[in-house]
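Following this line, the structures themselves.
Next come two complexes, and both contain subunit A; in the first it sits with subunit B, in the second with subunit C.
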Partner chain A sequence: MELLHDLLFDYTQRTVALGALTLGAVSGTLGVFAVLRREALLGDAISHAALPGIVLAFMLTGSKAMIVLVTGAFVAAWLGMALMRVVTHHTRIPSDTALGIVLSVFFGLGLMLLTFVQRRPDAAQAGLETFLFGQAATLLQGDVVVIAGLGLLSVAVVTLLWKEFKILTFDPEFGGSLGFPMRRIELLLTTFLVLAIVIGLQTVGVVLMAAMVVAPAAAARQWTDALGVMVWLAALFGGLSGAVGAVLSSTARLPTGPAIVLVASAIVAVSMAFAPRRGLLWSWIRARRGRAAIRLDTVLTDLYALYLQHEELDHGHHPAVLEAMSDVGEGALPSLQALEDRGLARRFADGSWGLTEAGRDAAVRRLAELRPELVGEHGERSAPR
Partner chain B sequence: MNPQRPSDAPVPAIEVNDLTVAYQDQPVLWDVDLLVPPGVLMAIVGPNGAGKSTLIKAILGLVDAAAGQVLVHGESYEKHQRSVAYVPQRGSVDWDFPTSVLDVVMMGLYGSLGWFRRPGARERRLAMEAIAKVEMEEFAGRQISQLSGGQQQRVFLARALVQDARVYLMDEPFQGVDVTTERAIVRVLQELRAQGNTVVAVHHALQTVPEYFDQVMILNVRHIAFGPVEDAFTDENLRAAYGGRVSFLHGAAREAGVGT
Partner chain C sequence: MIGIELEIVLLAVTVAVACALPGVFLVLRRMALMSDAISHTVLLGIVVAFFVVEDLTSPILIVGAAATGLITVALVEAIRGTGLVKEDAAIGLVFPALFSVAVILITRFAGDVHLDTDAVLLGEIALAPFRRMVIGGVDIGPRSLWVMLAVLALNAAFLTAFYKELKLSTFDAALAAALGFSPALIHYAFMGVVSVTAVAAFDSVGSILVVAFMIVPPAAAYLLSDRLGHVLGLSAGIAALSAVIGYFAARSLDASIAGSMAGAAGALFMLVLMAAPDRGLVALARRRARQRVEFARQMLTIHLLHHEGTPAAADESRIDHLSEHLSWTPDRAERVVASAVKAGHVTIEDRRLHLTQEGRTAARRTMLG
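Let's turn to the complex of A and B:
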């Protein structure tokens, strides 16, 4: 309750939560395209490449205003991204190698510059190191306005160029054959990915920002098969991780970046486990159902085979006989009861089992589907073995 | 080839002159010429690595040519972009992409929609008509990862059909499809030809070339031959395309390379 009260009435809390929510939603939105284009690690390289830009912007201006540092971060990250594209297009160096080179070179340079400014006697540089792991508490209302403004711009561009970004992500060569300048559309998309990343650096930090690009999109993919829904869900998951993580970090005095990323990871974990169709639980249930259905078919057709020996529906057979005919896992009884529930089999007073009329017809139909070669050669009366 | 045509001959649907394409320093296509008359079904055949897909992409302007010229209906490709449809290789996209059959087919209309505009009711109707032509109506709402290989190929075909083009460039439309789909695709291609359209398809199964196509191009980095199947599809030309390279590596496979 105290948390809710703070969130509603505490100025700092509200600012921090709002800022983190916005940056999470924006990085989640752009992250969808990065993940679907199989460029999830691009976010990691971009965010690390931003560090020297942040420090240089401070060194040149002496200001730690968000707009100044974000501009520096954007320029450096964009250059890093452009360098990767140039290296991949014009040399034989594969893209993952180019990515690794840019990431480490830019980040190394950034750390060096950071150490350099920290050795200076004045205290003006204090706080720059929060860009490594993020510190939401340093967010001011003006910063949130910057985040929201740039975030809105990114979302507007995604909305406007929706089908262009979609065709770029799904089938860029086909898009090219339609006459769209795919290279330029790609550059635009990556530029806005860079923007989405740099506005989150102060809160989440360069080391972990990539998670905010990847995690919401990965979680969203679990729940839907439509790109539009996926983008909305990723924005929701990203915003939720940002807000909850930021509040957690300020109340429990945890570093903000890790707190936000842990919340995002929890959402990914839940999505991987419980999402319908793609989730682990779902696959487990489906596999179990599949096995049960196969056992049911086996017992049904085996009963039919036994029936063919006498051609009398009143002649019962013991479950042990069925178990000897086929390996049906937990025994024939659960399957027999399931067949009884469906009116396909019945139990006699002595504990033996036989087919009902409906069961006999069902067995013939099922055999025709499963083993058409048997029914085809010998007519309906042939046994499955 | 002689670039001078008699003045009364119809303008070729596609004309390629002295086309050379290289990846890094490796030539993929070397001084290739091609004339595709309007209203024919043409197969492009050749061994792996012969540059068949690259030729299609170069005609579409998707790869940069080091030298040479491509004309569509006698003019530059850009002028006739709307009248050219492309069917890429099925394996070139991620079929786990979160989208539906209808959505993919509507992508064929993105070009005519132009920038910013989203597909609407008209596009949906046109896409459904194209889906019907490839007999996929019941799958229109289906997520594309739940399609078989043949169904995926039909979706790509429908995406090209919806463009209502005059020239269709297809990269292995029969790759990995079942017999039913292969027949359905052949039927669609023949309908396209009957309407006066031109189809050029990269093709792998040499034995079906005379049955499905009326023109053929035999390619192996350099062009070996092109023209009507009965003229160009000869043992000698095939040996030049398939046997040469094989014998270079191991001479015994020379004959085996033909007809596979």
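Let's turn to the complex of A and C:
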């Protein structure tokens, strides 16, 4: 109850939670395209590339107002992305290397400028680093409005250019051949991502902004194969990580950025484990069922092969014989019991097993499906080996 | 002071070369950003090791850091192996999470210890010469210089010993597996070397410079040569050069040495990107311009050949009409004609073009492909 009260009435907590929620939703939405285009680490590169812009903007204006620093960050990060595109489009350097070049060189230059400024006698530059490493508590209501405005703008752009972004993501060559200006669409998408990241920097910091782009989209991918659903889910997961992370950080006294990232990572872990169809649990169950089905077929047809030696259904065979005939994993008994449940096999008093009449017919049918060449050549009575 | 400066430059060059050599394979194997991931997650290894030994100078910290590097690699590999996310996303999921855990551990439990995230990430090479290596009472130089020399030797030995395996598994992983080399073993051995290098290097220069030295010089070298051996050599050379340039730039600006070195590496990369003989942007633009003129010249000769000897020939061969027939601007038409005359494919008589024998042959050859 106190938590709810604080969220509603405590200015700082409310602002931070709202800001983180909106930021997570925006970066989650835009991150979908980055992740699907295999440029998941774009966010990492953008957030590092912003540093020289932040410092230069301060050096030129002497101001530390959010709008000044964000503008500087935007220009530098955007230039970095443009450079990265030039390198990947015109040379054979792989895109991850191009990202790494922009990331390390821009950050290095920023560091150089930062130390240069810091060693000047006046102390006005103090606090420039907090912009870099993130300090959510400094978030003001005005910042939240800016973030929300940006969020609305990116939703509008993604909706209006839905078709273009989709084709850019899945088949840019095809889009180009249809006459879409693919480079410009790519540039627009990147511009919005840059905008979202430079605005988010002061909340979660350079290193962790990367996760806000990747994690919601990676989690959303597990639940759906439809781009539209994935975008909504990513926005939801991003917003959820932001809000829950912010609340956690104020109640458990954790740094905000890492708390948000850990919540986002937890959502990814849950999604990868339990999402229907794609999730690890489901593939494990599917694989298990598949193995059981194969064992069932093996035991059924092996029993039939044994039956053919005597041609009488009352003659029983011990599970050990079946286990010697084929590798049936954890033993023949579970498969025999499963066959018995279906009325295909029966158990004799001495613990041996034989086919029922229905079982014999089922085995013949299954053999015709599995090994048609045997049935075709020798007729129904042929043994599988 | 000269002695200390020399030591810093020597250390920087050693770090640069030690990073740039394995960096070549990182770039070629499309794992460049693993260097970024490892250089961030080592923080967690250092923090955990610190909680165990409670001593910031203990070598156990380095062991812990190197182990986290390998854990990062294994985690990325495990997540990628599920097939649920791609490799780049796997990297982007693992390192922020591990880094977050490290930051939380520091703020919650080590707030009073000098274990500063900025210091870890940014590094300060200028302090390296103050930690001396003393054996039997004799000062033999900065400790990190000896550590990095050992790492450099390790890298050189590893690359020499497994050159064939690395080369094969980098360029044709399927063939390497078919020939019986274990791709997983090579991968982990190589990433182990990268981890050790990153950890040892970031102790003296900070993680951002590790990333810069591992990615930027190899990328520049990759634009300069097609031979793996040459790329390795060039990469080491470019890295060493950026270390030296960066140091003097930092000294004259009184700015961060690591930042300046990364900046110098970036400047050298831009230089190569522009001016590389074959793959540079300038060479590329010139080649495209030349190809455009060449193609237009071929169009011109084919156009003339097509109408040669027909009633329309007199009209079609007028220079002033080329812009109409081939939809070129008059200016472009003049330039193409000049190039065709220079190539000896056409002659001009009375503002009309005539194919030479050579031009006819060229046009036919072009049409036949």
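For the reader, a short list of remarks on this structure follows.
Everything that follows uses one rule, which is that the second predicted complex is superposed on the first by the 355 of 385 C-alpha atoms of A that agree within 3 Å, B and C clash if a C-alpha of one lies under 4 Å from a C-alpha of the other, contacts with A are read in each partner's own complex, and residues count from 1 in each chain.
Note that in this section a contact is a pair of C-beta atoms (placed from the backbone, for glycine too) under 8 Å apart; a residue touches a chain by one contact, two chains touch by 3 or more.
Predicted model, so just to flag it, every value in this text is computed and none were measured.
By the touch criterion defined above, A:Arg221 lies against subunit B and subunit C together after alignment on the C-alpha atoms of chain A.
The wider contact with subunit A, measured as residues touched, comes from C rather than the other of subunit B and subunit C. In the superposition on chain A, A:Val207 makes contact with subunit C only, not with subunit B. In the superposition on chain A, A:Ile101 makes contact with subunit C only, not with subunit B. When the shared chain is aligned, subunit B comes close enough to touch A:Met230, but subunit C does not.
By the touch criterion defined above, A:Glu173 reaches subunit B but does not reach subunit C.
Legend: residue contacts after superposition of the two complexes on their common chain; A:Val145 is shown touching neither subunit B nor subunit C. In the overlay built on the shared chain, the residue A:Trp162 is in contact with subunit B alone; subunit C does not reach it. When the two structures are aligned on the shared chain, A:Ile294 is found in touch with neither subunit B nor subunit C.
Across the superposed pair, subunit B and subunit C both touch subunit A at residues 38, 92, 221.
Listed in rising order, the residues of subunit C touching subunit A in the complex are 27, 30-33, 35-36, 40, 79, 82, 84-86, 88-89, 91-93, 95-97, 99-101, 103-104, 107-108, 117-118, 122, 208-209, 211-212, 214-216, 218-219, 222-223, 249-250, 253-256, 258-263, 265-266, 269, 273, 279, 281, 284. On subunit A, the positions that touch subunit B within their shared complex are 36, 38, 92, 160-164, 166-167, 169-171, 173-180, 221, 224-227, 229-230.
Contact residues on subunit A toward subunit C in their complex (touch as defined above): 35, 38-41, 43-44, 48, 86-87, 90-94, 96-101, 103-116, 119, 129, 133, 207-208, 210-211, 213-215, 217-218, 221-222, 253-255, 257-259, 261-262, 265, 268, 272, 278-280. Subunit B meets subunit A in the complex at residues 24, 57, 60-62, 78, 81-82, 84-86, 88, 92-94, 97-100, 104, 107, 110-111, 113, 115-119, 143, 145, 159.
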